[in-house]
Amino acid sequence: MPKLIDYADAPPAARAVFDDIKRTRNVADVNNFWKALANDPATLQRTWESVKAVMAPGALDPLVKEMVYVAVSVTNGCGYCTASHTAAARKAGMTEAMFAELMAVVATANATNRLANGYRVPIDKAFEEG
Amino acid sequence: MPKLIDYADAPPAARAVFDDIKRTRNVADVNNFWKALANDPATLQRTWESVKAVMAPGALDPLVKEMVYVAVSVTNGCGYCTASHTAAARKAGMTEAMFAELMAVVATANATNRLANGYRVPIDKAFEEG
Amino acid sequence: MPKLIDYADAPPAARAVFDDIKRTRNVADVNNFWKALANDPATLQRTWESVKAVMAPGALDPLVKEMVYVAVSVTNGCGYCTASHTAAARKAGMTEAMFAELMAVVATANATNRLANGYRVPIDKAFEEG
Amino acid sequence: MPKLIDYADAPPAARAVFDDIKRTRNVADVNNFWKALANDPATLQRTWESVKAVMAPGALDPLVKEMVYVAVSVTNGCGYCTASHTAAARKAGMTEAMFAELMAVVATANATNRLANGYRVPIDKAFEEG
Amino acid sequence: MPKLIDYADAPPAARAVFDDIKRTRNVADVNNFWKALANDPATLQRTWESVKAVMAPGALDPLVKEMVYVAVSVTNGCGYCTASHTAAARKAGMTEAMFAELMAVVATANATNRLANGYRVPIDKAFEEG
Amino acid sequence: MPKLIDYADAPPAARAVFDDIKRTRNVADVNNFWKALANDPATLQRTWESVKAVMAPGALDPLVKEMVYVAVSVTNGCGYCTASHTAAARKAGMTEAMFAELMAVVATANATNRLANGYRVPIDKAFEEG
């Protein structure tokens, strides 16, 4: 499998990204995800720039954004992303009660999505303007 | 396809659920989704009871919960649920700026989930206690 | 989009497959799915041979197999397949009560799959032998 | 990751659910899935009540329902659910021949779902009334 | 639903992106996808910059990249993306024979992915080094 | 879990398939995937015949086909298939630069698929003819 590249072994372009990640997240080292992406510095940079931009505080705060990230990762069954973003969400303030409610919503949504599929429900006119 | 059952044609068990939905959501009529589920009153009731419970205010507020619902529906490609829950989220206070940021997070998460898969990233030890 | 090829316009290799489908399913014409696949007679034949083999009576009867096909199609959100296989399941004996129960199981399974993901449940030792 | 809560450590509300699971399934202990959900007793109860209801004998028998559950879990790639429900299906009477046929149907359905997507097959008029 | 924003109505930041898309792709107008994203100029720009970068000629040529894009879109069941990227692939040189083979591979891969899940196949040691 | 059946323990029908796999792929032994499928010789044969047919050189060469297989497997999150087909793609000539670009396209496609869903983009008329 692709090797994980530590800071010490990373080319300058990758190190620059690692530095920005560490500074932005206030961590001593980057996650394995970034060490794997360092195999392709262009993708590493583009991916980090996207993540940094979309996860920054805005109309939605970072905690909400991390919980959305967990919801997507759980829906897709990505074990790595579920683990890493659940940790990030906790760091951003997600309590156990929030996590429990988040999981309950994700599960229910995945259920009703399929009921809508199976019952072939037509979209209500009211939703077409919006 | 399964027919949509209006209140006027619904059996008493289904009407009781329709009444509760309308009261809880403060609407004059229920969505097509519930009219389709009325074909199976047991599933209609069980599904509504779950949705009512998991979407109620709690550690997470209803707006956040609706946005999570949208995130899951968009990830799964459920057109009906995307339309209905986007409308519900707006009704709960989601602005266009929030919607835009939500979409950006969902898209990014779906991308990085696959990078984690393709690069076969091992879960960091730090996430195993979490 | 790829055109649908009717029997009258189909090359001999495709017609042979159409004949076998009609004979096996006791129908006057094939579904749009097969008319689309007729654009690639090799895939048409290979796909039909697979479907014919896996859907034949065996340890599982055709009704159960059609309901499984619906379950997969609903899970994946394939509108065409949901419609065509729901019709096939009804033709094979699926009643409305069976359909309702099938949908309820599919919805519940899609929910608990995500709870298992989100709670990162380790596989019980008892399940490793089997 | 969320801890697994054994019966001995579970709060009364969770123990009541564990008791019902053990009684209903005639087992000495509950699966890891339920031990994980015990972190959120409300979700534990609601999930068990749903599973108990939808998996009970009805128009479809429990064996068919467990095989549908396996089909969904395999389609979604949920390793935990595939393992646990395959075991449950065997306990309910699924033979190796049934399992083999089930897998063959699931695989074929996942293939033809994508052919229908890629060839953009329009739904036959005959399926619109159903 | 979000409105589609034409060039004439687009803010300067969005117009700049539209201009670059049209120049890069040698087209007179942009697709509906970009008109929808113009509701959020930041996401419009970031998405276009990513697409432009990843779809440019490199170790893989644009035709192969477009076919991969179709494969992903068909797997996910995204109707819009399947339509738009199939058109783009044809424009880049995909013949009907290539399309047919692409669909056959995508279908087969979606089938064997589930067989690997259902049979719980352990990864061969030989694949762990790479 | 289903046992892996080695050549020495395989029934004649399965051995014949193993022989053909080894001859076609020029390998000394078959992958775990085939050893698992050997539990159902009919599915083993049908699956191999499909894989052999669709992955053969044609309008698309085997390297492109293997990369498409990786793209689908990564999208679906199938760990086994990602590992085995990444190895096969390397064997067919995929360089690290090709792998990196492939991953970047897959990630981007999974992102834009969801933007198209969330923004509910209508298919452009130009794409309806094709």
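Chains here go by letter, A, B, C, D, E and F, matching the order in which they are written, and residues are numbered from 1 within each.
One rule holds in what follows: a contact is a pair of C-beta atoms (placed from the backbone, for glycine too) under 8 Å apart; a residue touches a chain by one contact, two chains touch by 3 or more.
Since we're looking at a predicted model, the values are computed, not measured.
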If a chain touches subunit B and subunit E alike, it appears here: A, C, D, F
Minimal step count in the chain contact network, subunit A to subunit C: 1
Mutual neighbours - chains that touch subunit E and subunit F alike: A, B, C, D
Inter-copy rotation, subunit A to subunit B, in degrees (Cα atoms; steps of 5): 180
Euclidean distance of C-alpha centroids - subunit A vs subunit D, Å: 27
Gap in Å, rounded to a whole number, between the CA centres of subunit D and subunit B: 21
Shared-contact residues (touching 2 or more other chains) in subunit C: 1-2, 39, 42-43, 46-47, 50, 53, 75-79, 83, 86, 100, 102-104, 106-108, 110-113, 115, 117, 119-120, 128, 130
Touch-based graph of the chains, sorted into line, ring, star, complete or other: complete
Partner subunit E, residues of subunit B touching it in the complex: 77, 83, 96, 99-100, 103-104, 107
Partner subunit B, residues of subunit E touching it in the complex: 1-2, 39-40, 42-43, 46-47, 76-78
Of all residues in subunit C, those that touch subunit A in their complex: 70, 74-75, 77, 79, 82-83, 86, 102-103, 106-108, 110-115, 117-120
Touch list for subunit B against partner subunit A, complex: 1-2, 4, 31-33, 36-37, 39, 43, 47, 50-51, 53-55, 58-60, 64-65, 67-69, 71-73, 75-76, 78-81, 83-87, 90, 95, 97-98, 100-102, 104-113, 115-117, 119-124, 126-128, 130
Residues of subunit E defined as touching subunit A within the complex: 1, 42, 46, 49-50, 53, 128-130
